[in-house]
Amino acid sequence: MAKKTMLPILLLLLPSVAGAQPANDSGVTAWMLTSTALVLLMVPGLAMFYGGLVRTRNVLGTMMHSFASMAVIGVLWAVCGYAFCFGENRLGGWLGWNGNFFFLKGLDDSILDAGIPEYVFAMFQGKFAIITPALIAGAFAERVRFKGYLLFITLWSLLVYNPVCHWVWAKDGFLFNMGAAGAIDFAGGTVVHITAGVSGLVAALVLGSRRGYPGTAMNPNNLVMTLMGAGLLWVGWFGFNAGSSISSGLDTARALTVTQIAAAAGAFSWMLIESVHHKKATSLGFCSGVLAGLVVITPAAGVVQPYGAVVMGAAASLLCYGAILLKNRLGYDDSLDVFGIHGVAGMLGALMLSFFIRPGWMVNAAEAAGGTWTVLDQFGVQAAAVGITVAYSAAVTLLILFLVQKTTGLRLSEKGEMTGLDNVLHGEHGYGLINLS
Amino acid sequence: MAKKTMLPILLLLLPSVAGAQPANDSGVTAWMLTSTALVLLMVPGLAMFYGGLVRTRNVLGTMMHSFASMAVIGVLWAVCGYAFCFGENRLGGWLGWNGNFFFLKGLDDSILDAGIPEYVFAMFQGKFAIITPALIAGAFAERVRFKGYLLFITLWSLLVYNPVCHWVWAKDGFLFNMGAAGAIDFAGGTVVHITAGVSGLVAALVLGSRRGYPGTAMNPNNLVMTLMGAGLLWVGWFGFNAGSSISSGLDTARALTVTQIAAAAGAFSWMLIESVHHKKATSLGFCSGVLAGLVVITPAAGVVQPYGAVVMGAAASLLCYGAILLKNRLGYDDSLDVFGIHGVAGMLGALMLSFFIRPGWMVNAAEAAGGTWTVLDQFGVQAAAVGITVAYSAAVTLLILFLVQKTTGLRLSEKGEMTGLDNVLHGEHGYGLINLS
Amino acid sequence: MAKKTMLPILLLLLPSVAGAQPANDSGVTAWMLTSTALVLLMVPGLAMFYGGLVRTRNVLGTMMHSFASMAVIGVLWAVCGYAFCFGENRLGGWLGWNGNFFFLKGLDDSILDAGIPEYVFAMFQGKFAIITPALIAGAFAERVRFKGYLLFITLWSLLVYNPVCHWVWAKDGFLFNMGAAGAIDFAGGTVVHITAGVSGLVAALVLGSRRGYPGTAMNPNNLVMTLMGAGLLWVGWFGFNAGSSISSGLDTARALTVTQIAAAAGAFSWMLIESVHHKKATSLGFCSGVLAGLVVITPAAGVVQPYGAVVMGAAASLLCYGAILLKNRLGYDDSLDVFGIHGVAGMLGALMLSFFIRPGWMVNAAEAAGGTWTVLDQFGVQAAAVGITVAYSAAVTLLILFLVQKTTGLRLSEKGEMTGLDNVLHGEHGYGLINLS
Amino acid sequence: MKLITAIIQPDKLDEVRESLIAAEITRITVSRCTGHGQYSDEDLYRGQKVVPNLMPKVRIDIACNDAFVDITVGAILKAARHNSGQGGDGKIFITHLEECIRIRTSERGGKAI
Amino acid sequence: MKLITAIIQPDKLDEVRESLIAAEITRITVSRCTGHGQYSDEDLYRGQKVVPNLMPKVRIDIACNDAFVDITVGAILKAARHNSGQGGDGKIFITHLEECIRIRTSERGGKAI
Amino acid sequence: MKLITAIIQPDKLDEVRESLIAAEITRITVSRCTGHGQYSDEDLYRGQKVVPNLMPKVRIDIACNDAFVDITVGAILKAARHNSGQGGDGKIFITHLEECIRIRTSERGGKAI
């Protein structure tokens, strides 16, 4: 991910203009390859996490939401996604484009200044593009048609993910250049979590609740698998965040450290909150705390120090816990709390990081600003980035939902919902083991 | 895996003859260590993939087929497998041998020209030797005795895997040196997938069908686990293919990129085919498409570019889908479609890559050939390599099956089949959770 | 982990005193980051391994024992654990302390001589601190209160893990400096496995057996998950052991190689033993053999060669198998055999390695000793380290148990045990899938 | 008193329950079973349609007083049928219930139902 | 002969079995079911108390000779009750058993129980 | 009409089904249960033979007309026995079935079986 700790470092990402090809750094490449694999691991991790939370009859269909994104966006990204995100400004900067990146064909010999083949950067970035739409699926779990879902994520990737990614991480993206040293989004607070969270909320509202919600209890079919999935997500997130440094050194180490600490702090706080509120700490609560901590530190992992990570992780759990209580009060059906966790913690992280920035960063930013640069200045930039992302994601998602509903349709029939996704859409049953045969 | 993009690069693998020990490159070593771990992850991945597809009563026994290979071949490889594969030509090149590699004892201080300790290369290669026989187990799932299986894979590793691996990847292997620049098998199209696929087919035919096949439906006990396993296989395959570059640079990046793209294209195509054929895209179909894509790109990952990966992935799904339909027509019981996926896609990949080779490679090959070297020339080499591998694997597997049946026996009794592997062979039950206790 | 193959190498770990900051080695950092992720993967791996072995009603509670350690020790380690372990000798060397490490604040710019940011070292070490208390949980599975457990691991981490870790791995630790070249504990034979095993035994004895033990059979709820967990543990252990070289070169390769071989040999032997004893090789036995092999090689991975790894792996399975038979005879309830596997194989490894040390190491040790240094000399050192660790762990664990029982309480009520941890302590059910809803 | 046992298709459980509740029959016990009657549902397995020999079903047990038998059966029949009835829709079995005891209070007979 | 079917709370299975064994009733068949009677147990789901509409229960089937009916019922009642009885404690149903056959020996009737 | 309930060993399910089909009894309902009769099967757990207190069993329910009872019982007995009968082979219970209704058609009685 375009690392944003300081502008000069960013230049590492650009292949030099002149003929002199930068040298490959086998160590950095090794870590970035590993990070790519780790982020890929998050896809089955997410499938397991979400899959375990739905009812038995929807387990495969829900896992397929994550997996299918690997296939659809996996191809789309190679064809044009990378070109849209990391090409030069087009249409007034709304999107990027570089014809040379079509089918990744211009990358075959390219080495970035960071010392890694551009292919690796493209694949690493591609994993983010894959997982983000998959996150949304949790908001309308158990009630969408598969074809409609595929169309939805395709459009969403093109119209929401690619533009926002371009704004935030491309060197000529306008959020990347906002303020003294850019809006800070180390590994995807805005690009990934806010877009997914907000779009999920909009989709949940537009599609309406599951049949029977909230009266009927909808028991998780396999919390055990949800725990496994959360474990894989935690592990994969190390690639997600520490890989976003596009290096294998101090910046990477810092990102890894605060990621680990924020996750632990988030989990710990959620357990505490539940213990106070219900006298019981649930395992799902634990996982939610882990996720809240991981999400909140995602935009911040490049600039925050360990004590800040503890505070942010704890704050994220508190706020997300509250957000979910509020959802229950309001009664809309964001089934797996995509907004409650990713949206809320993503916004919190993007804003709250302003108060925990490493002093060195602020000094450099002040220099770049040609004088002073205060926490409040940066907070303003962050707030602008958040606001723009929220508004844009919401509006365009609404449009896409409209389109999808007019074409393939998105909402599953009531009968289909009662029978379950697995049988109706995929012709399968998740657990043969529960029935004799 | 002995990388075959060009001969000169291969030399990197040989420890220099003179006293000058090459220097260790910590970056390349880091990636190769990681790759080794990733390929190891494929073993539980495969156990989960296969384990989920059999009936409840056979789940542990089937997983044990993968796991046991880790133990048996894990030891065997250290004792003599590496020596057989990567020693110098013996018996007219049928096998390699290097007494110094017995128990890996000569490797303690050796650094390869690629900049990695030879131990790492040996361990990375060892993982391939472990997973290949485990693949075969899917062909005769649910009906073999454990002891017979252990004997089978031991003999098979010695008599099929080791020779073919030597021919294809050892610097003096005859397939390695065939034609202008060798038969291309980047990461195991012939060595791993064709040998396993063909041997699986032979074994399935010799052992006969499961009791009740095909009349009785044999429902997968846990497609959810199969999906998880497919996810881990996809992740692990990054080590499998990108690690086979024995480097951490451009070649690695290229291999990773086409691996990712072919898998996505394969999965996408399989979904499409099923949607057209049955109006439903199954999750097992998705996984099959992922595997087909991964297998087809395995021999090709060093020479093919992204658009080629898309085409090959899609073609693999189409052909494998057809092959499985044909199997259903013919009525033999290759239970988990080892031939239908690994055999078919492996052959397709080894042949089809000829048409998508990166121009630079062809230029070098032409130079090496001292003039011209056309796609058809290379296709001839590939076809020869495939043909030899198929014939050899089939013949020797037949012999081994005969031996095993005469000694420990391989086919389980009918009563054992009805009771299930788990109870009869391992004295256990996979899912205590389904019965109160 | 402070690598102990030779003293000089250890110096790599210390940030230079003078101003000259050592340079970051991107390759070593890449591998250490990867190792950190791999060791983290062991936590869900352990949760799955343990979780599958208990009864259905306790599956979540048991998994939470592993997960909760990530949260609690994860925070504690950042706050003060690292400072206690790797600070300078205090209280006569009982513990370390470095105020600068409080909240890891002094690490922000530190690069170790090994060429990695100190943050990475701290996080890698932190994972060991997390997994060790989680191991203990197996000894008193299915019968402890969650709050008591959290208090127990907190105190245990502070009072047992931190001191022993300091003695063995801090440069001024007394076991680190015992004899010619220190007590050898490459990756945690004493620090991790003996402390956990012995403390588990003590806790199992103090808390008493589960209700109904041993009369009532307590069937594993999900051996399938146990197998998956064992697979992840095996993979993660590569980070655990090979990462403990704090390098990415020959030492790393050696550690990886013997780790792989010992695990395979352990698994193979356990299968053999069971086949002889019961005519059936169980899958749980397979996993136990893997673990026995991995544990026994853990202290030894830096000094032993492949043939030694085979012998040690096999010996570990034999001894652990015997230890568990003995436990069954004695009738105490070390529920998941923490002592039987980790304690026994840990001790065996720490002692037995003396007889398989690479000649080069002994030569250097002799030099350091200023003359001769025999196997028996080293065996004496190892025995002393083992004895001290056993005695200290047992005594302090006893004290901690007393404290916990007097405050939050540790043993669950009989009624709670019958209802199950999941429902009573966490308000959840692991497998919704088994009940219609 | 009677014990009514219905074997229905899993996808009809929600509707049957709602229909029963509408008829004020709230106390029921359900469990998973597998059955063989007429073929109906089919799964896909790698491109092949597979007709399972035994198909997942749901079993509902309802103890009720004699006066409620018809209401209960009617409620089930109405809701469990696919369209105007299709193979696999299931069966209802009725046996005589000699005694019913509420564990909480030890009440017996009709009032314990 | 009678067939006694008890639906109890899962956490009481151990106690009920022990109570039955104490009453020398050792042959039983148990299975998992889900039931709706009175609400009782509750799960937590992300900070919200969730009252499942169908709650996990355990079903125990015991075939016994007429003389043992009271003993069996008594043993169950004693052990299955939470404190002095609480909602969800369950039900016991008794039906008439016409025949019982031991598969091993083909014995029939009371001695086959 | 009768309701025949057989509790058998899991490994005999295939054979019992085949035997029933041979006797032209095709409509059945099966489910998993766990039982305690005589000890028999044993699992291994880390080198120790473990005799589970409750062992996995399969329950088969068959509704049939009176004329078919003997045929059905005979078919089960023949196939469910291990060798010439061994502990744990199971039981068959027969109760009187008052009514049987085919959901699809609302047919009742013998013709709905």
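A, B, C, D, E and F label the chains in the order they appear, each numbered from 1.
By our rule, a contact is a pair of C-beta atoms (placed from the backbone, for glycine too) under 8 Å apart; a residue touches a chain by one contact, two chains touch by 3 or more.
A quick note: this is a predicted structure, and the numbers were derived from the prediction, not measured.
Engineer: Need the graph distance between chain C and chain E over the touch network, please.
Structural biologist: Each step joins two touching chains, and the minimum needed here is 1.
Engineer: Can you name the chains that touch chain B as well as chain C?
Structural biologist: A, D, E, F
Engineer: Look at all chain centres (mean of CA atoms) and spot the one farthest from the centre of chain A.
Structural biologist: F
Engineer: Taking mean CA positions as centres, which chain lies farthest from chain B?
Structural biologist: Taking each chain's C-alpha mean as its centre, the farthest from chain B is E.
Engineer: Report the inter-chain centroid distance for chain A and chain B in whole angstrom, where each centroid is the mean of the CA atoms.
Structural biologist: 33
Engineer: List the centre-to-centre spacing of chain B and chain E in whole Å, with centres computed as mean CA coordinates.
Structural biologist: Taking the mean C-alpha position of each chain, the two centres sit 52 Å apart.
Engineer: So the centre of each chain is just the mean of its C-alpha atoms; given that, what is the distance between chain B and chain D in Å?
Structural biologist: Centre-to-centre distance between chain B and chain D: 49 Å.
Engineer: Residues of chain A that contact two or more other chains, please.
Structural biologist: 25-28, 30-31, 34, 59, 216-217, 219-220, 222, 228, 278, 280, 282, 284, 426-431, 434-437
Engineer: Quick check on chain E: which residues sit in contact with 2+ other chains?
Structural biologist: If we look for residues of chain E contacting two or more partner chains, we find 30-34, 43-44, 52-54, 95-96.
Engineer: How would one label the connectivity among the chains shown: line, ring, star, complete, or other?
Structural biologist: Shape = complete; every chain linked to every other.
Engineer: Which of the residues in chain F end up touching chain B in this complex?
Structural biologist: 10-12, 14-15, 32-34, 41-44, 52-54, 56
Engineer: For chain E, which residues are in contact with chain F within the complex?
Structural biologist: Per the stated touch rule, the residues are 3, 17, 26-31, 61, 63, 95-106, 112.
Engineer: Would you pull the chain B residues touching chain C in the complex into a rising list?
Structural biologist: Against chain C, the touching part of chain B is residues 24-31, 33-34, 36-37, 40-41, 43-45, 47-48, 51, 59-60, 63-64, 67-68, 70-72, 74-75, 78-79, 103-105, 107-109, 111, 116-120, 122-123, 126, 146-147, 222, 225, 228, 425-435, 437.
Engineer: Would you pull the chain C residues touching chain E in the complex into a rising list?
Structural biologist: Going by the criterion above, the answer is residues 57, 211-212, 415, 418-420, 423, 426-429, 434-437.
Engineer: Which stretch or stretches of chain E touch chain A in the complex?
Structural biologist: Within the complex, chain E touches chain A at residues 43-53.
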